[in-house]
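In what follows, subunit A forms one complex with subunit B and a second complex with subunit C.
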Partner chain A sequence: MTAAASAPTQEPTLAIVRPRRESTSSWPLADRLAHLLCWTVGIGLCLLTAAIVLLMLVKGISQLRLHLLLEPPSPSLHQSQSGGFSTPIIGTLIVTAIGTAVAVPAAVALATWLSEYGRPRWLARAVESGIETIAGIPSIVLALFGLLIFARPFFGILSGSANNGSVSGQSFLVAGLVMALLAMPLVASTVLEGFMQLPPRLREASFALGKTRASTTRHVLLPAIRPAIASGSVLGMGRIIGDTAIIWILLGGTLKNVPVGSAPIVSTLRGTGSTLTSYIYSNAVGEGNSHQKAYAAAFVLLLIVLALNALVTRLSGGRSAYLPGGLGARR
Partner chain B sequence: MIPSERRADRGADGTGRGTGSTNHDGARATPPPVRRIAPGRHPRVVSSIQPIDDAGAGNGQGDVGVASATARRRAARPTTAAIERMRVESVSLAYGQHWVVRDVSLPVRQGEVLALIGASGSGKTTLLRSLNRLTEITAGAGRAGRITLDGEEIHEIEVNALRRRVTMVFQQPNPFPMSIFENVAYAVRETPAGRGRRRRRLRRGQLEPAVREALRRAGLHDEVGNDLDRPALALSGGQQQRLCIARALAANPEVLLLDEPCSALDPISTAIIEELIQGLRESVAVVIVTHNLQQAQRVADHVAFMHLGELIEYGTAEQVFDNPRQQRTRDYIGGAFG
Partner chain C sequence: MSAQTTQLAGAPRGASGQQDAPRERRAAHLVDAARDRRVELLLGAVAVSVVALIGLILATVLINGWPSFAANGLSWFAPGGDIVTQFRAMQTGIPLPGHPLLYFRAWPLIWGTLLSTAGAVAIALVVSTLAAIFLTEFAPGPVRRVLAPVVRLLAGVPSVIYGLVGILAIVPWVNENLISNGRRQSVAYVVQLNGANLSTAILILTVMILPIMVALTANALASVPVSWREGSAALGVNRWRTIWRVSLRAARPAIAAGTVLATARALGEAVMLAMLSGGRPFEANPLDGFTFLFEPIETLAAGILQEFGGETNTPIGHTAYAMGALLLFSAAMLSFASWAVKQRLRRYGVGS
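Presenting the complex of A and B:
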């Protein structure tokens, strides 16, 4: 009753006639506090995001110079001579390319099997919980696991080895492969989600034409979920680009690219190097101790990640008649 | 009260359609192509319910059967001899422990349209889907009895081969997310090239005649023929459904199954598709499931009325609609339930 009485004094100037929003003044105190908390957290998060982006923007732009993007790092006591981060940018691209190239086909295959075959049932369940488990493993544990596996002599071809036969287990190839493992659950679950959202009538239409399950998957279902595959891939890339632990352990932590062997591209892939994340780490707290360059690199990294996020939004809202939000959703 | 009103409606509809029928017959100057019966299959030619002009049989010339059509019907009776394509013998269908169709026997004939009518849950769609073994997609589906295609038990036929011979169009238009051309070509492509020969992926030039022919049969070619590369999903709902019919016809099936093909369409698209169905029955056996009694009356030659999984009545459209033998059929047609 008090709510009704106090209402006109709260919003007396509204000219447009609208039903008044539910007032919280009649709610119990605990509910009102929780309500307030929800608002505070929501607004706080917005402010925090804006602060991060703005701070990186201001700090980054003020520190960013063109030569930083073009010069490789060179260890020096003088900041003016320690170079830029051209090789970390290239390193980021290499690791992301390897990781994505391995993770996406594997994840699509995995999601296809789970969605379209998935027999026997218990095996499908096991695979699903396997994906969830990998998704939950901290990346530093995955990195250690990678080191255990890839430092074996059997995998010597993937990284450098010393004269006594011991294998370093650290290279772009190794880091890329473990990154693929890191990204795969994310890609697989996005693709699987895409399969789940397809209406059964699409499959039936193909079966009713006498098409096999394989043909249906290849020619109808996969094209129909192309936006899901695309956005899953981009999400996976974002995950790879942002990870530091795997890079720190499996890429050797050398600022410059150190090739192994003499073959032109393979030597780089087998060698160690750095990415933007490890460059930021070593400049922010490590031996580099150059905050300015860390800010500039972080700004570049943030730009890449934001661009990828925008790409996800573009792709997932893309034209797919049989996924929500697509062309067919109108009907 | 209600039944008599419905009857009056039907009468009014009937006269309306009667005047329209002359237009329709006039428009159909060239008869639809008659499908050649593939050698090696042995269709059983049975005596048709309707009087058949023997001279017209086989080549589909002339609308000789018009005389036997009732005033209510829009189109002429089929002119070819009815050829029994499929036979449903004492078929019962179950999902798990739940029987949805009980002991149904029916013939499916080329040269006529068979309509399955009945209330929701009467098992008519399940029966339809069992004809090309699409029920098997659902886990736990089972069947008792015999279904034959040209005398051969359909369980003995490789399932994808069967589904190329008995194709289906669904309630919702469901074109694939590709071009118009690709939608139809998909049905033609990858058909096994015969025993011993390797499967060969056909080039566009080789597929195009078949694609255009299928679009012509589905009455869509005039509208889309000059731009086959348009995305199929940019078509209107009625065009999409005709594209689905074209797709289903592209594999040159013996039987075409239609599961409420017009229920998602507007009246004009519905009329176009109904006309199309009547033209198709000469070259392919057509089975249509419909909720719409008027539609069944307009397009069907034979009608099977199902109720709670049982076949209550089967007969010619005239007989079932004008003189139903069973009380339940009378109630349903009169609008007492359903």
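Presenting the complex of A and C:
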């Protein structure tokens, strides 16, 4: 039996027509049991996914009210007075915008260097495994790191300061920057995958016309992998939107947006606040303790994730979001 | 794409300009080369900064956690005492009698992390492999077309939502239906049992890491060359054994990659476990028999999230950073292990 795994023949053979319904009666008992187990697990997976989707749908729709989306939260023990989650939604948008704006250019630069230059070789290998290592660091450790760096007086401009003059290191700007670190590996690996799937003739044609590497990259390769950059960015956004630990530690966990200073937009960015994830967290376990509102906020968050997911599927040509196939190869 | 066609259209113009001024063209070429070099250096600087960043993360977190390690020595990793009282002592600034202020024994948290991660990854490994086989081999067309995108969606669901479902739907149910009064009383002198416990933590952690493992394994199974399986079938091997011995074996690199990814996620999961464990760092004891499954746990990541108040230079801050350093070390070891495993499996595998 084990010999079956040995080298396959490469000669053209007639296509094997598998019968529609295959009888398992000739199989050994162990195989039949395993086959049965496989079906059980498969059907269990179907039921599980259906249960999660239905639960969120039912709970979310039954709790979602329009006024929840429009009112800011306020600290109150009464459910009718504790407001909605308009500012957490805005907070999510701010953090995602900052994180994506920083992560995507950095990741594209990184992937470009790895794919088009990559010299010396050992350095490229170190960078590659470095990206993988960052991807494996728990987000809570990234949050600890961010706090340590941005609470230095040097970065005082990015966040507010406590009464005794020390820098708090907690603000939308800081959270967004650390989120960029969280999203960067995902974006970089997606873009790199896009580079690798480009046909070599693209580069060769450009070099043959006397273009330099930089010019080829700028005018030929980057436009060709635009779908990969787009789907990488959206994947990164999804990662940022879903993270709670960084928000909890670096955004101060205040229910409302607390601006620092008086400049109109900068004050919000320098101040603390909340996002949908931290709103859900504090309402599920913390002082807020309103399960209905947590469900409603979770439903909104899930809708955003769903929309981003659909976007990734569209951008990557209907292929898997994890192994983007045929990205740049499309005409 | 359009850029490509412009390049092609520009070709004749470049050719006709050839006879004009060769010297100018060479000068232009030198300028181009210099610009190319500048771009390479710039991009290279970005790339090198990534490596530098990892060094910075390792160094800063370890340095800030060092006072905690230094005050406790190797006993930092050992069992001893109640974590909550140790944290309260640090918070109030009154050291426990006979101990320094930074006295801390992390074993209950390490034990909780080990239990939940190992449990969830072990279950998810078996379930995801079978589920991926089902998805690629046995599922009827319509089921597959619906299930595949839904699994991908579940992989992207934020952990806080899993935590919410856990704490509001599963925990109360487990508390009411699975834990008998006798069991509650049998351990009432050390710990109070409720629905937030080891088994619910493992259950929800499994559900959380399952989709990504299923997606990776299914992708790899689908990309096993048909000829390999036809070769097996032609030798008279039945379909299940062909899947088991040929396809699954070829998909091993992807399974390994998925397992490492899932372990990293389970190890670093803070929010969901913080919601579930309810801040009761108890050292679940396997000697309690079946009750063991219903004892509360707390993990390193969840402990950081719950105890760390945002001040880095306090006793609690140092302890939290020491816990973070341990997590960081584990994550680095994990990515090293994944690299080593992939090197070995890559030769006969598909995907990764």
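To be clear about the criterion, the second predicted complex is superposed on the first by the 273 of 331 C-alpha atoms of A that agree within 3 Å, B and C clash if a C-alpha of one lies under 4 Å from a C-alpha of the other, contacts with A are read in each partner's own complex, and residues count from 1 in each chain.
Assume a contact is a pair of C-beta atoms (placed from the backbone, for glycine too) under 8 Å apart; a residue touches a chain by one contact, two chains touch by 3 or more.
As the structure is a prediction and not an experimental result, all values here were calculated from the model.
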Partner chain in contact with A:Ala205 - subunit B first, subunit C second, else both or neither: both
Per-residue touch tally on subunit A - higher for subunit B or for subunit C: C
Partner chain(s) touched by A:Val102 [first = subunit B, second = subunit C, both, neither]: neither
Partner chain in contact with A:Ala180 - subunit B first, subunit C second, else both or neither: neither
Partner chain(s) touched by A:Leu315 [first = subunit B, second = subunit C, both, neither]: neither
Touching partner for A:Ala228 - first (subunit B), second (subunit C), both, neither: neither
Partner chain(s) touched by A:His219 [first = subunit B, second = subunit C, both, neither]: both
First (subunit B), second (subunit C), both or neither touched by A:Leu255: neither
Intersection of the subunit A residues that touch subunit B with those that touch subunit C: 202, 205-206, 209-212, 215, 219-220, 223-224, 320-322, 331
Contact footprint of subunit B on subunit A as seen in their complex: 199, 201-212, 215, 219-220, 223-224, 320-322, 327-328, 331
Complex interface listing, subunit B residues touching subunit A: 132, 134, 137, 160-165, 167-168, 170-172, 174, 176-178, 186-187, 190-191, 233, 237, 244, 247-248, 251, 257
Residue ranges of subunit C in contact with subunit A within the complex: 1-4, 6-8, 10-11, 14, 29, 32-33, 35-36, 39-40, 42-44, 46-48, 50-51, 53-54, 56-57, 60-61, 64, 127, 130-131, 133-135, 137-139, 143, 147, 149-161, 163-165, 167-169, 207, 210, 212, 214-216, 219, 225, 227-228, 230-235, 237-242, 244-246, 249, 260, 264, 267-271, 274-275, 278, 301, 304-305, 308, 310, 312, 320-321, 324, 327-328, 331-332, 334-335, 338-339, 351
Subunit C partner contacts - residues on subunit A that touch it in the complex: 1-5, 8-10, 13, 16, 22, 24, 26-27, 31-32, 34-35, 37-39, 41-42, 44-46, 48-49, 52-53, 55-56, 106, 109-110, 112-114, 117, 123-124, 126-127, 129-142, 144-145, 147-149, 151, 168-170, 181, 202, 205-206, 209-215, 217, 219-220, 223-224, 226, 238, 241-245, 248-249, 252, 277, 280-281, 284-285, 291, 294-295, 298, 301-302, 305-306, 308-309, 313, 320-323, 331
